[in-house]
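Below you'll find a set of structures to go through.
Common to both upcoming complexes is chain A, partnered first by chain B, then by chain C.
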Partner chain A sequence: MDFFISQFISGLSMTSILLMISLGLAIIYGTTGVINMAHGEFVMIGAYTSWFLQTTFGMGLLVSIIPIFLITALMGFLIERIVIRHLYNRLLDTILATWGIGVLLQQFIRLTVGSELKYLKIPSFMAESMTLFGQEVSIYRVFIFVFAILTFFVAWFIIFKTSFGIRLRAVTQNKDIASCFGINSGVVYSSTFAFGTGIAAVAGAFIAPLKSISPDMGTNYIIDAFMVVVLGGVESLIGTAASSLIIGETSSFLASFSNDTLAKALVLLMIIIILRIKPQGLFTKRTRS
Partner chain B sequence: MSNKKKTKLSVKRRSFLTNTVKAGVFSAAAVSGFPYVWFKQGNAYAAKNEIKVGVLFSLTGGLAIIEESLHKATIMAIEEINAAGGINGMKLRAVEADPASDPATFAAKARTLVIKDKCVTVFGSYTSASRKAVLPVFEKQNNLYFYPTLYEGRECSKNVIYTGAVPNQQQDDFIPYLVKTYGKRWSLIGSNYIYPKEENNYCKILLKKLGCEVLMEEYVPLGHSEFSSVVNKFKNDKPNVIFSTVVGDSVVALHKQYRAAGLNPEKMPMASLTTSENEVAAMGGDAAAGHLTSAPYFMVHQSAENEKFVSSYKKRWGSDKVTHFVSEPAYFGVYLFKQALEKIGKGDITPNTIREAVKGQEMIAPQGKIKIDPATLHTYLWPKIGICKSNGQFDIIQKTDQWRKPIPYAAYPNQTCTEKGLVTS
Partner chain C sequence: MNKKNYQKDFFIYGVACFALFFVPLILGNDPFYINKSSTYICLGLLAVSLSLSWGYTGILNLGNAVFFGLGSYCMAMSLKLKTDAVHTGSGGLPDFMVWNNVKTLPWFWEPFHSLTFGVFAGIFVPVLLALALGFSILRGRIAGVYVAIITLAVLLVVYLLIMDQQRYTGGFNGITDLVTLKVGILEFDAYHPATYYLITIVMTIVLFITLLITKSRAGLIFQAIRDDENRVRFLGYDVGNYKTAAMCLSAAIAGIAGMLYTIVMEFASPTFLAVPLSLSIVIWCAVGGRQSLLGSFLGAIVITAGQGFLSESETFLHTWTLVMGFVFVLSVLFLPKGLAGFFEKYFKK
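== the complex of A and B ==
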């Protein structure tokens, strides 16, 4: 029973990490229809920004969330304005362009910071473990879980409860008609891209202390992020959360009964079977189109 | 219209063909004839008082994390040798190639270095995958390859000089020490590829002899960074020792998550063959403290040669840089090469003569006095056991009293590597 509980908690922790890294991807794809291959690199840039702020200005992780979000959101905004903007509705071109941006960002970090692994520490008051349901659990993992839920609700609030969210949803449903009603779809797109980038970067900054920081760390995360988004259905925030939970818990329990290598393969197999039955993912909006 | 074009093209093709043949004859003459006229030594490998050696480490891609430091150590040794006057009055020239962490590119670049650049020897690579990829090139061209990494053994090539450790060298002292100090219940965790599996094969043989129990043997995908399930199994099984052959950035994630989960290294240490100062710097001293590593070299090892190595390395590449148990063999490998050439002296410099000259060669490396085993072309080394401290350096708690002979087929008693190749009994 103890083992079951600890494995369930591990699953929740994996869920929160998956949710954080895939949220930005889901928002950008859901709104603009751009398959952002540079998403993993945005996560990586977040980790490096956090490392930079920590080593240069001695900023702690919590204090640096806002600067990280702002710096990377600005970066996302510029990328949208300079590159992505010209490629909407050209799926293959956006894949290629964002892939290229990812490669550029990786090499930029390699040339400026160097390719060796970097060290980012867990804030000291969260470095220990605590007892939760009779299990020793890392405080930092609990913190990531709480923060992921928080980020999810902030995103949900912005999309469903603000006037910007109304415009965003209008553009998502039908860009041309939304434009007829006086909504500037360009502004909506670039701010969405900026927002998605910022969330990805903050995710990177939070996950890095638990893992490692290297210029190519993004390539691992982008696969996970795509699995979550594809399984959950691309236009649904709830879908993203639900599929994070499904993938997180399934991986955790499969890994406990077998091992991580097999678990990874089985989870992929499960996703392929589900997509065979529901090609649009688990959560789809019903539309007339 | 199309007819016209065709005729034109065929004329061109013919003239092109004749030209090619002419050029071919000419260049064949150049290859066989000119060097003898131009260079008094008559030696294609040591032209213009220069000996070309290849340096083949990834500076881009995932492996750059570690291979950059091997590149730096190799280049530094070459620079030092040149600054001290070269070898027999000839300078070494490093031909650098970046294989971008990709085994296929490793093979392609190795071929270029050997065939086009005519390097007499190549220093390179970190992973077994890239060594296996370049091996056919060196065997077919009968060239020489210096490989600096500790690896899984089970290889017997007359075209590779192995300056890193094989399983018996790292484990023969380490495993008994751990059993005596911590206990007999063991868990094995590794990355999912050949190196960890072969190390574990040998480890299990030793554990069986010592009457130990293996609670778990698991492999995670390369680049894996989510260890909560693995850590839960540690908590559940409560092993006395966790034998870890996890490599690369996964090591960093494993240590950090072990620490965050509140496990205690004093009761359940991770014993590793792959955690060096390099990885420790990336995980932070807190996460590394109390865990053990067995290796022939640690940065803190006290010897005049090591002091010189560490201070020159920092001076050349930056004061925050660390030396470790793969960069040290990369460094002394170049000096072994130098000694071999000095032994050859005025004789013919070819991969064959260098191989013969390097056999039995001894030198004082930063880790101690090492020697190339003539039969296996592996190296006699000085394994040490280090325990990590929170400042990111190791405390050496045990040293072997004599150098350890390399036995590349230690886990396979019916196979022996000899000068004539692999012998199966």
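== the complex of A and C ==
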């Protein structure tokens, strides 16, 4: 039983990380149909911005969330305006363009900050661990879990309860009809892009203290985030959350019987098999063609 | 495609391949540059492989390096078993297995004692993987971005598995200290022009076979699938089978390129199937012109040669990658058919 609880908790910790990373990706893909290959690089940029703010200005992690979100959201906005905008009629090419942008961001960090690993400190008041269901759990991981759920609800609130959200959903459903009703789909697209990249960067800032920071850290996260989006389908936020939970828990339990790498391979195999049976993902009702 | 164009293409490809045979004479048989040129040609062949699946059939395979890497490892395993192990375990175990306390040669290493088997495996292991991928995703009507993502994930997982199973694959270090390839009385030392000629001959044969395939009936169907998949399906063709076939051919070419690369580099390393190489292949094809086999080939050669030229300094190399990123984004935006498409438009009226 103890084993079960401890694996379940570590699965939840993985779930919260997956959810934070894939949320932005899912929102962007669901709305614009663009697979943002630079998403992992925004996670990386978030981690580096956090590191920069901490070492240069001595800003704490919680305070720095707002500037990190704003800086990267602006970057996302500009990238949509300058590059992605011209490619909406050939979506497969957006993969290439965003991959290229990812390379640019990575190289920019390599040339300015350097390739060596950087480390971030966990805020001191969260460095302890607490007892949860008879298991020692680091407070920081509990905090990330709470924060991921908070981010999820903020995203849900914005999409379903604000006027921007109404416009966003209208454009997602039918861009042309939405435009006829006076909705500026261009603005909706670039705001969505800004919002998605902003979330990715905040996720990066929170994950950074758990692991080291390096220019190529994004690559590892992006594949996991893609798997979440592919498995969950792009129709609903709930799908993203549910598939984060499935992948997080499955990886955690598989890893306890083998190791992380084999668990990853098995999860991928599982996803390919599921896709063969249900190509649109698990949590979709209608097809998006 | 009329007959005149047909002959013209064969003529251009012939001239390009013929010219490559004179490179060693121009370089004055300098071992270093001969070796470098050989590696560029291997990578060029790798670009041809992606051009067939992506440029001709529309399967954006972001994990193309996995086929290359598997081919490379098959060749390396064969060549490794021919070395006199310095730290010999029982029955000539490869050195890294001895360090990892492996007592007997694993069963999947056994057949690699035969070089012929190694060469066959270098082609068929990638093809089998492509076949499995084709059956599970391409025939399941999973298209577009999903294919791109899943192939990339497969690449990453195979990379992680090879890193993880250090006992059997050499892990991070790869398989090193290989014996030079010997076929009959011929010996292919990585720095000798003979190796360059071997690679160029193989490359020429493969390139022409690929060219013939793209000009054949099947090749036309490949291109039709790229342009409008549903229409081809309505005409009664099994799109899934054709796509799988294209991916298998592409995997075979990548496997051959990988084997040749091992001969020139004298080792196999997990970086041969890492994400950066796979990204590079896409860049070569995109910049060179993915809908032209020769364009992709030359794109790869020019870009890798430029990279090799600058690789003496790390800062240069990073700046070069930055510049390549820019060129890549620009060519996606403004030259979707790459430089080959550009030349065709303005010079081939």
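The definition used in the following text is that the second predicted complex is superposed on the first by the 285 of 289 C-alpha atoms of A that agree within 3 Å, B and C clash if a C-alpha of one lies under 4 Å from a C-alpha of the other, contacts with A are read in each partner's own complex, and residues count from 1 in each chain.
By our rule, a residue touches a chain if its C-beta (ideal position, glycine included) is under 8 Å from a C-beta of that chain, and two chains touch if they have at least 3 such contacts.
For clarity, every value in this text was computed on a predicted model and none was experimentally measured.
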item: When chain B and chain C are modelled together on chain A, clash or fit; value: clash
item: Touching partner for A:Leu96 - first (chain B), second (chain C), both, neither; value: second
item: Partner chain in contact with A:Ile159 - chain B first, chain C second, else both or neither; value: neither
item: Touching partner for A:Gln107 - first (chain B), second (chain C), both, neither; value: both
item: First, second, both or neither for A:Leu87, with chain B first and chain C second; value: second
item: First (chain B), second (chain C), both or neither touched by A:Phe226; value: second
item: Partner chain in contact with A:Ile122 - chain B first, chain C second, else both or neither; value: first
item: Partner chain(s) touched by A:Thr261 [first = chain B, second = chain C, both, neither]; value: both
item: Touched partner set for A:Lys211, first chain B, second chain C, both or neither; value: first
item: Chain C collision site on chain B, chosen from 6-14, 78-86 or 132-140, when both complexes are overlaid on chain A; value: 132-140
item: Overlap of chain C and chain B interfaces on chain A (superposed complexes); value: 107, 110, 220, 259, 261, 264
item: Interface residues, chain A side, partner chain C - complex; value: 35, 83, 86-87, 90-93, 95-97, 99-101, 103-104, 107-108, 110-111, 219-220, 223, 226-227, 230, 259, 261-262, 264-265, 268, 271-273, 275-276, 279
item: Contact footprint of chain A on chain C as seen in their complex; value: 60, 62, 136-137, 140-142, 144-146, 148-150, 152-154, 156-157, 160-161, 163-164, 275, 279, 282-283, 286, 315, 318-319, 321-322, 324-326, 328-329, 332-333, 336
item: Chain B - residues contacting chain A, complex; value: 59-62, 64-65, 68-69, 192, 218-221, 223-226, 228-230, 232-233, 235-236, 249, 252-253, 256-257, 259-262, 278-279, 281-284, 286
item: Chain A - residues contacting chain B, complex; value: 2-3, 6-7, 10, 13-14, 17, 107, 110, 114-119, 121-122, 127-129, 136-141, 209-217, 220, 251-252, 255-256, 259-261, 263-264
